[in-house]
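A short write-up of the structure that comes next.
First chain written, first letter: the chains are A, B, C and D, and each begins at residue 1.
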């Protein structure tokens, strides 16, 4: 038996597999297929301060080995979340990473403040600041496209979350230099980085000759983008290994469908892995990926999962 | 019969379908499957000043609905190109877009100078400056990631190419804001923009636990990236339509496998379309895409192909 | 774990043409036993090397809880895009991964009131089973089946067995009355004194059915068809604006909150031209100057 | 247009196990007529909804230029990844898109010199046809077949028909001599006085075969197996360093410049550990401070 525990900036999780925010709702639906408490952590749908209706539909388009979505962060708002969703997750015994966002940096802070005050706060093992959602019509701006805004949000969130709970900053791959953004987030106090959010994309309906999504642009996810996720994780991990960036755990996300997919992200540097779009193909995907990743670790003969994290940097062939 | 002609900054092409640089070599191989002269234009493999061996192998990895490549611009150098490749293409009656690159901005200029002096120059209908190749180990820098370097290269190339032949600048999608880079290229005199080159990616070999490509990173291409290409074309076209950017033709490339795929890029704003990775799946893909695109144009009842260019911007549903 | 829904490795055991459609029978042990009329299944498509990741949803046409093969589920599929073409080109004994039953079934009346069941195109698929269940409860049942043309009608013969009366309409007049189901529905409701109209079909039809039913004093229960990425309630792609019991309009997931809704609760005013807008009075709707 | 290569919509007409492999027969009209031993075909995999875009390449095992079905092509497939698993799970009458014949065939000696044909694993697949062609030209032919274990040998019985002598080796001794083909090859070359050694199999084996052949005065002609994205010469993924007649090493496309190369021209010194490096003296090699 491989020791599958992983450490996320002080918090030890029993295993490294999580849901991806927005791909698992808040747990009740997936719990019909497997006990969500069996995952290393359950990552909730990004929650904002107020209830949000999200965008008009169509909100999705299938793409080759992926999909485009433009949900627009529909959700109940932080108060309803704290009242209904978080207690239910706590009851299941789930370890919860709460994904938060705001229209402004200050709003991130408000959301966190109310979250921390929730009676069910005890089940929270991490707060993921979704600074990279490309769907929010915030004058087209995405926090994580700019080091300064990234820094501001992370600083505010870190200040409001009790020290023993790690803050994860979730980055977008849609930038010229992700290492700079990672540096800004870490500099502002992020304890870990979640990489990557979706890529900005458009699909045209070739019958109607107009964008298929009512909101025009959407986020591209699924196996199609896995090489981009692996690359982002690799670059940031390489920068940490070379001392250019401070060392911090990376949570990998993007295109994981199987245990070997997860192993790709892990070998590139991820200490934990989130399963998103694959859940739509297979509702048990997160749980299955855990089983498969365990089998992969055993096949490679390691004693601890941790031994696989970033291993590809050591095994790289130097020309 | 739909009038399939398209105009590329003064040059009229009989139809809008081209090969993509590096996915069709220099014509002899594909000519066994269809006459390359039937395409709107034939885009050659990027040529540099000196012969280049390219990178070690493995140079490729299959990915979901795409592939990663790291060829490293292997090629015979501009002199051999002018002596053998270009005359052969001229003999076939092909209209040729020559893709050029250099290790420095000045080297781009040298390549173009020798190209323009070639006896077969007459068949050249465009020079595509590949300012976006992520494979060249140029201290990790890609020209098209930076507006200033993009501007410099394009200015040098434009200065050396006779005025009647359009210069195309080929952009990478791996930037935070492609509109800025497009603006820099157009400001420096580019007559058209080719979008997009590959996305930077990594695949890990989960048996060997090391990067699958000997060169570690590679360029992601194929249908997987089509939504990103469509988005880039859309954004730049929208900026042109709103007056933020000067108007210029866009040549679309990225994930085109069928006529409807091509139509997606056209409706988003592309005046011509290049077919790359799909050629590896189907050696007749560029020719087939032309037939299929013609059928699509007929189905939509337009008289001229040109009527479809950017049409999705007009048909967009406004909320 | 069984919470009313299963994921099972199924097998195709019969595939036959039915007019413009394909009628598929899948072995899906356990699913049949849990299902009720109006629910649907989500099928994985494309096999092991598939580029089509998302499941395709189909109303359950009928179920056979046990039998030679174990429980089976029947669906009626119109071949349109990549996934439905793949499904309809499968051969007997090919594997098909099934998730189901999903969604809320048609609510059944507590009293034996007369009911009219309206199906547009393949939308009739779930209605025959519903008709049988209603008649078992003593409800008189008539059906109205409509389609663009005769080959797009599904189950007219079956309807004559399952219902006490059947009216057929086609847009082109190739079978039954020329016109739409809504043209004839009012008369049927009146003649029968129907209390409930159940409907399944395209959105435009569901809207007219709702209007006609209301005008003739019946409640409409409509099964909507929104684009779904997951079918199980986790992605939020399948929403439409529905007014709740509290009068508040919310963007409700049709895969778990539906697919069956009371027609008069659906905000038809926001739906049209292939787009569903967020009504300005919906909970959490964007307001000018930002959320 | 026919320039020695075709793209045809083929059909699988037979699929059978052969030890660890699958032996497939494809109808591919026209391809058989153009092919010569050592050439290969590139097959599309995964069908219409496939996420696996790249073709898979296979040596042509044998061809039947005409017959009941029109020309057929046989290939021997080891199921490894997604594409080969898809191919080996096809059923008779399934369509398969074929591009071929591709690459340069084994060059045939102009004189009837004795030849040794060496196959590693499924690498023996193209050799039986080659043996027949060589014998038609009067060349005495012996074969050496090696594999990790008995089930990974292909065509031992067939070899006894096609060749004048057959030597078998397995790494584990489960059939024939325990050891590698290179252990026995020298003796066979000497005994036969062979002028040419033809070989197909893993890179490590081809390297040893080249060394043994040279040491025993024979020319090695080896069919290499490099990862190929296109198979037709347009992508430059399949290169390996080969010394030309002019003494200059170039990174040569194995799909059009090969797959058959003279063994002593291949720069084995650059190949190993799953990576092929660019020799420093290769044309256009990166130089320090350059590129």
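We take it that contacts are C-beta pairs under 8 Å (C-beta built on N, C-alpha and C of every residue); 3 or more make two chains touch, one makes a residue touch a chain.
The chain lineup, named per UniProt: A, B = Dihydroorotate dehydrogenase.
From a predicted model like this one, the values you see are computed outputs, not experimental measurements.
Asks: Between chain B and chain D, which partner chains are common?
Replies: A, C
Asks: If you tally contacting C-beta pairs, which comes out ahead, B-C or A-C? Let me know.
Replies: A-C
Asks: Using only Cα atoms to place each chain's centre, name the chain farthest from chain B.
Replies: Looking at centroid distances, C is the chain farthest away.
Asks: Can you work out the whole-Å distance between the CA centroids of chain A and chain C?
Replies: So the centre of chain A lies 35 Å away from the centre of chain C.
Asks: Approximately how many whole Å separate the CA-defined centres of chain A and chain D?
Replies: 46
Asks: Hey, how far is the Cα centre of chain C from the one of chain D, in Å?
Replies: 55
Asks: Hunt down the residues of chain A that sit against at least two other chains at once, touch-wise.
Replies: Within chain A, the residues that touch at least two other chains are 56, 64-66, 208, 214, 222-223, 317, 319.
Asks: By the touch rule stated above, which residues of chain C touch at least two different other chains?
Replies: Those would be 51-52, 274-275, 277.
Asks: Please classify the inter-chain touch graph. Allowed labels: line, ring, star, complete, other.
Replies: complete
Asks: List the residues on chain A that touch chain D in their complex, please.
Replies: Listed in rising order, the residues are 64-65, 223, 317, 319.
Asks: Which part of chain B faces chain A closely enough to touch in the complex?
Replies: Chain B residues touching chain A: 56, 61, 63-66, 68, 145, 174-177, 199-204, 206, 208-211, 214-218, 220, 222-228, 230-231, 234, 255, 260, 263-264, 267-268, 296, 300, 308, 311-312, 315-317, 319.
Asks: Would you mind writing out the residues of chain C in touch with chain B in their complex?
Replies: So the residues of chain C in touch with chain B come to 51, 273-275, 277.
Asks: Can you check the complex and tell me which residues of chain B touch chain D?
Replies: Residue positions touching the partner: 22-25, 29-35, 45, 50-60, 62, 64-67, 69, 71, 74-75, 77, 103, 136-137, 208, 214, 222-223, 277-284.
Asks: Which residues of chain D touch chain C in the complex?
Replies: 45-52, 82-83, 85-86, 91
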